[in-house]
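So that you can tell them apart, the chains are marked A, B, C and D in the order they are listed, and the count of residues begins at 1 in each.
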Amino acid sequence: MNSSFRHIGLISKFGAATVGATLRRLIDYLQARGLEITLDTSAAEHVPDIPLPSVERPILAERCDLVIVIGGDGTILNAGRSLAESGVPLVGVNLGRLGFLADVSPDLMADQLDQILAGEYAQEERALLHAIVQRDGETISSSDALNDVVVHKWDVARMIELEVCIDGHLLNTQRSDGLIVATPTGSTAYALSGGGPILHPSLDAIVLVPICPHSLNNRPIVINEASEVDIVVQDGDYTHAQVTCDGQVNFALLPGDRVRVRKKAQSLKLIHPPGYDYFEILRRKFGWGQSS
Amino acid sequence: MNSSFRHIGLISKFGAATVGATLRRLIDYLQARGLEITLDTSAAEHVPDIPLPSVERPILAERCDLVIVIGGDGTILNAGRSLAESGVPLVGVNLGRLGFLADVSPDLMADQLDQILAGEYAQEERALLHAIVQRDGETISSSDALNDVVVHKWDVARMIELEVCIDGHLLNTQRSDGLIVATPTGSTAYALSGGGPILHPSLDAIVLVPICPHSLNNRPIVINEASEVDIVVQDGDYTHAQVTCDGQVNFALLPGDRVRVRKKAQSLKLIHPPGYDYFEILRRKFGWGQSS
Amino acid sequence: MNSSFRHIGLISKFGAATVGATLRRLIDYLQARGLEITLDTSAAEHVPDIPLPSVERPILAERCDLVIVIGGDGTILNAGRSLAESGVPLVGVNLGRLGFLADVSPDLMADQLDQILAGEYAQEERALLHAIVQRDGETISSSDALNDVVVHKWDVARMIELEVCIDGHLLNTQRSDGLIVATPTGSTAYALSGGGPILHPSLDAIVLVPICPHSLNNRPIVINEASEVDIVVQDGDYTHAQVTCDGQVNFALLPGDRVRVRKKAQSLKLIHPPGYDYFEILRRKFGWGQSS
Amino acid sequence: MNSSFRHIGLISKFGAATVGATLRRLIDYLQARGLEITLDTSAAEHVPDIPLPSVERPILAERCDLVIVIGGDGTILNAGRSLAESGVPLVGVNLGRLGFLADVSPDLMADQLDQILAGEYAQEERALLHAIVQRDGETISSSDALNDVVVHKWDVARMIELEVCIDGHLLNTQRSDGLIVATPTGSTAYALSGGGPILHPSLDAIVLVPICPHSLNNRPIVINEASEVDIVVQDGDYTHAQVTCDGQVNFALLPGDRVRVRKKAQSLKLIHPPGYDYFEILRRKFGWGQSS
């Protein structure tokens, strides 16, 4: 075995019943290879009987050479935000259903990890976004996102009005249910449901997708990933807006609040089994080529 | 004057500063013609100095031969829901910006009302929807809608899962931000932003428009207005769903709740100046024919 | 057997190799029941060795009580246009792949025909369109369509300009690749690819779907089936337009030509096995409910 | 005057009546500044009475420091393809209607050229595509495109089937009216009508937009501009396909033909007046911010 992956961190979906069995098989597999294992606290809860060290994620990221995440794309989004800064690479094992990020299947896990641990793998850099909220000139909140930063209405079925600037230049003022700012990784998630295009992961780009825009000629726009996007919530009688990162982290917004989105300096290192083919995953996820 | 419109009810947008002047001009105009006038309470607030009877809407609808509503489409939606049952016809005066429903402009108000009061006008029947919410077999809420009944998520940026049946037959189970059930009147409102088609007002039809559906091949479907639509909120970890009528009336939903939508028995009688041309309104609202 | 179907006409896809076997099985089946059989000339070519009368379609329609069409939806479109006028009902047998119109599968053919011949079936009326082309005030061409009448550019990758009127009222003048006028039956065909909605077959409606419109706020519009649609090809340097019915019948157009589309007086009687469920066909054709 | 633009080439729209006056004003303006002028043959036809040298475009590109093109975006597309290879910069003067490429208005022409000739301007590099057609392994045609390379059906209203590969990896096999491969420049042209996103001109990307795809989950995809796109026309009974560059150059395709599209090595140098704001042009062209 000639890979540099000697200390493996394990993160798993919280509370899913099917995770336990896969996690145990994975621990057996890694122990049989004599690798050092550290669990994060969510994984440790699934296997209380196995005596392995369990730590918080920042420490896990520090200690390990590779982190294996068991769960769906949602679990990887969560783990990815925690790990990107540390630079530790991540590989995703799904629970039976192919994910865009979790592309190792439990059935092929042993064979595919054999290859990865032998140093045969494909590594990608996936960009993250960093969003801050400014109120009266002060930054009052910040979060990362691997998929998307979404500014959207909540509570009532009314549009909100957003002023959008790119690198300080006005793009437009739009009335809509909200605006999605997505990475290439996020382009196949919520942004796609909103009518956005697919962005190849290798693209240095960000896509802005309006959600149910009032104006019919408001369209998705793809901009350079080096751009800074400012979204200012406009005043209104019934403005109930919030910003959400990866559909997982929420923050309530007031009129006048500015959400500033930039590419995060650090990217997520995502590892795939050799032969990884992004287009094949698209074909399988979207059923392309199946007759109808 | 040979029309049967002798007792005119007046309803106006609540709280809009520009309404007062138009309302006063309208009262002068009607009094000069010797017509009887009754205000609803929202209109009375704009002209506290004018001694005219002011009543609640159900009484207004009972007493009057014609109701004139001053405001935008939102004001007419609100009035239309209150008046449809009574059968009293309604004419909409906008505040300077052409509406789909409020198509009499303040500038042409006198001339156009001259014609309408002389019996020269176009009358349309606009269908309404009636929505009820059933929980554990009991009806716990009900409301009318002139534009649309929308079942949608709120609070979090997560999809909800809805099972949709038409006349007792399963259409599909869909994950999305929600589902819009719209009348032809509502087809140019929120349903259009969601990607739905325009339905001509004379069409006996209802359109179902999924909001940001997860599945890319989930598409708007137009069904017969005689159909009964059942939408059942499916269980989920984070289901926060509500139903909203015309973007104005909300009701919180729990998993298992059934929203049943049918065409309301009574339609709204909507009156237009002679020469009313629906397609011209479309062209003006959508800027069709303007070069770009 | 208590049905009135005693003389069965058979029509089949032209030239498809797989048709022969299904056709022979069908003939055996019908002969075993003592039913009279007449072939149209396309079916006769597949079974030159079987001594059955073969006639042109208008005569077939006249003589038979029921016509069975073997092939895909394209074959049924073709047959439907020929048979609608006569009023003879039609049932569609597919070649293994479910069609919207050809919904009897070869595997279940015997059982399902047993039921139909026993008088147990669902019958629908499917509307057709009738299109005429007028040049200098004279009608120079006409055709029926079960799916759609499409006015579109050809030869070059340039837009054409069309003026569209509905019941004599201007809808708009649009630049696009063309315009689809579709029946509910056609709403799940080309019109859907162009971004149109699904129309339930019971709907008395026609949908107009612009193909790649230049103006982003040009949208599909659903109108009453009683409406008359006029499409006039506008002048242009490079206008190469034609009108196509069901993707099968073409006619070249010149600037100034008017294509007038109306609902055809006669509908097609389409017969399904008992338990026919349009929504189930939608679900199967679009893969609704399959996880992705 | 401190710019290096001393020899100006002039190209104009062919045959447009309004061009002549603008061209004469422009020649007066340039002669008054003592600049050397050369016309291309299309411009020379508009001013046969003015004794200026007129040459073919390749020679014009060689001789001049700057080329001014008078006309709409179509004229600039044509000129841009001719000039890109030479590296000579281009500025576009429109005929009264703002273009994405022709953004100098005739009214402001003198002032804006003053600035440009004084060396105050914004210069952009706009990518072009280079398409070749391969048949039986041999290249039988090639062309450049500034907007888009489109493989599409013609003649009949039938879909064609295309196999699409990116950098040798299968993307999918799709049935549609065709496929648009567009540059950022072309993203606001035909690709937008086909449902594609807007790509900022600074983006190193290409977008693939299917035209009326049969499969509803076939979506626009944005890929790296360094990618090689192969489109192979699949066999079919009625395949009539062709490839078109910028809507101006056509070439007929046979089943089996491969259209290979790559970014062209040379870009077009496009010059704008100082203060050029791409987003402002988007707002004006799409009417963003105008109430409806």
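The criterion applied here is as follows: a contact is a pair of C-beta atoms (placed from the backbone, for glycine too) under 8 Å apart; a residue touches a chain by one contact, two chains touch by 3 or more.
In this text the structure is predicted, and so the values were computed from the model without any measurement.
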- Item | Identity of the chain that, by mean CA position, is farthest from chain B | D
- Message: Count the C-beta contact pairs for A-C and for A-D, then tell me which is higher.
- Response: A-D
- In angstrom, rounded to a whole number, how far apart do the mean CA points of chain C and chain D lie? 40
- Could you put a whole-Å number on the gap between the CA centroids of chain A and chain D? 37
- Round to the nearest whole Å and give the separation of the Cα centres of chain A and chain C. 46
- Using the touch rule from the top of the page, what residues of chain D touch 2 or more other chains? 192, 214-217, 219, 286-287, 292
- Within the complex, chain D is touched by chain C residues 150, 152, 154-159, 176-177, 190, 192-195, 211-214, 216, 244, 247, 250, 286
- Message: So in the complex, the part of chain C that touches chain B is made up of which residues?
- Response: 166, 169-174, 192, 196-200, 202-205, 207, 215, 217-224, 227, 277, 279-280, 282-283, 286-289, 292
- Interfacial residue positions of chain A with respect to chain C in the complex: 97, 215-217, 219, 285-287, 290-292
